[in-house]
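Each structure below appears as structure tokens.
You will see two complexes here that share subunit A, one where it goes with subunit B and one where it goes with subunit C.
And then the complex of A and B:
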């Protein structure tokens, strides 16, 4: 392709792109402008049912109780994403690097703090901003630091213990859901007295799974036990 | 009260401008490494914006996942693609690549 043809193609491409973007922008603007002025949100209904949710943070109440079904599916999506990455092949063997002393020192200081922080975020999620996803991502950040430092990470971890932790969150969620189906006939309809404990149980399992899943995504492939 | 309002307007305005500028720079930067760093900075500013919109839950998730983990994933992907490009170049120059 000569340069004239290429520039013409590029111009056409850009015009098409511009047209598509303008259509998107126009559509979004129309959608926003045509919203009704007086929207009746769901926050009143959430507030009215907070008593039965088992937690006092409305966001956690929605995510883990009123709309727990969505969060269950989110956990499944995360697991499927990791399965997709693993199916691409095994993780490249990490280059043998000698980590800088600064990194090693920081890993020693930061990782225990981050684990503590994850625990705090998990616990505080019942009453204030926080919860399983935030706690899990802090845990994952600690895992990535460990992977980068390359020294403290137990190489023998891959295998069934890793897989067990990966499915723990989804497993706990499904187990609670199925148990409740048998107990009162409704999927994830917590009895009000037990709701707080069940939410904490699910969130604790989910935190571990999310943390390990995200750290495993960073690895970029299936870790081989032999490596 | 008046000064408080004015300060908040200045803060919000700066945030919006910084977000737009960072987004534009991240998209238009020819160097991928620079683009990723700008994207991480964008994520952190976005977390501040969520705080200003009184959504601290989303702010936490944005800072941890949007800025932190996505940034780490993008950097890892960049390192891998550079490795791959190096290997292909080596193969071509030495002629030992698989045909």
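And then the complex of A and C:
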């Protein structure tokens, strides 16, 4: 096949691909547009059960109470992803540089603020947008900032403390679930009086685990003790 | 045609753009980015369709699914990037081997 024929072939291929993708986009758009305007969805069922959920923010109620099983498995996915990354090799050893004073000052101001912010997001999640995932992401951002600024923070503390924090969220979730199985025979079926406290407990553990897991994922490998 | 449908349609456009990039680009980093764009499109559709009825409070179930979905997408991307780096360290390649149809 000479180059002219090949470029013609590639042009034909691209045109056909565009045509197929436009058909797909048209089909999907039609599906979106043809949905009925008013649907009941699950809003009403969530609203009807809000009183027993222990929190007043419906998104948190769905995440940690009505569909807590999803969130439990999702914490497991997070842990498995980190195990996958760790199984591929150790974290790259970064060249130590002396960070600029401006960066150091900024990190010194921002990191405590971000930790405070994470605590606030965790607490406010019971009543307003917020919760474990948002708080965990802010915590992870603080950790990444520390890593980037060259402060020797988490690479120094591998071993069991790091691993304990990593499994804390999933562990707390499973512990609550198993306890409830023995207490009332249903996995993650909170008694209404205790629901708020249990959700806060699980969310606090999950926030720590999510934050540390995401920051550890950023390292891109297993931190070695002697690094 | 209200603004909510506009967001949902934008999600469809993002999904299709991502799929196009996934097919056209051979570099694996671009493929990972393309899958992320596709995922963002799906999230946008889900969030937009959660507030379909104007005035009514948004349906919390799709929103909760998107919150968990974003974190899963981030961790899956991290795993994909680690695999890509490992592959590049082992073979020096950042593309999948091409099988010629002869």
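What we mean here is this: the second predicted complex is superposed on the first by the 199 of 227 C-alpha atoms of A that agree within 3 Å, B and C clash if a C-alpha of one lies under 4 Å from a C-alpha of the other, contacts with A are read in each partner's own complex, and residues count from 1 in each chain.
Everything below uses one rule, namely that contacts are C-beta pairs under 8 Å (C-beta built on N, C-alpha and C of every residue); 3 or more make two chains touch, one makes a residue touch a chain.
These figures come from a predicted structure and were not determined experimentally.
When the two complexes are overlaid on subunit A, subunit B and subunit C sit side by side with no clash. In the superposition on chain A, contact of A:24 is made with subunit C only, not with subunit B. Look at A:202: by the touch rule set out above, it reaches neither subunit B nor subunit C. In the superposed model, A:35 lies in contact with subunit C only, and not with subunit B. Judged by the touch definition given at the top, the superposed model places A:130 against subunit B, while subunit C stays out of reach. In the superposition on chain A, the chain among subunit B and subunit C reaching more residues of subunit A is C.
Of the two partner chains, neither subunit B nor subunit C is touched by A:107. Here the apex is the CA centre of subunit A, and the angle it makes with the centres of subunit B and subunit C after alignment on chain A is 40°, in steps of 10. Contacts of A:138 after superposition on the shared chain: subunit B is touched, whereas subunit C is not.
In the superposed model, A:74 lies in contact with subunit C only, and not with subunit B. The minimum CA-CA separation between subunit B and subunit C in the overlaid arrangement is 6 Å, rounded to the whole angstrom. In the three-chain superposition model, subunit A touches both subunit B and subunit C at residues 59, 131, 133-134, 137, 214, 217-218, 220. Subunit C makes touch with subunit A in their complex at residues 5, 8-9, 12-13, 15-16, 19-20, 23-24, 45, 49-50, 52-53, 56-61, 63-65, 67-68, 70-72, 74-76, 78-79, 81-83, 85-86, 89. Put simply, subunit B touches subunit A in their complex at residues 56-57, 59-61, 64-65, 68-69, 72-73, 76-77, 80, 83. The part of subunit A that touches subunit C in the complex is made up of residues 14, 17-18, 21-22, 24-25, 28-29, 32-33, 35, 37-39, 41-43, 46-47, 58-59, 61-63, 67, 70-71, 74, 77-78, 81-82, 84-85, 88-89, 131, 133-134, 136-137, 210, 213-214, 217-218, 220-221.
Contact residues on subunit A toward subunit B in their complex (touch as defined above): 59, 92, 121, 129-131, 133-134, 137-138, 140-141, 144, 214, 217-218, 220.
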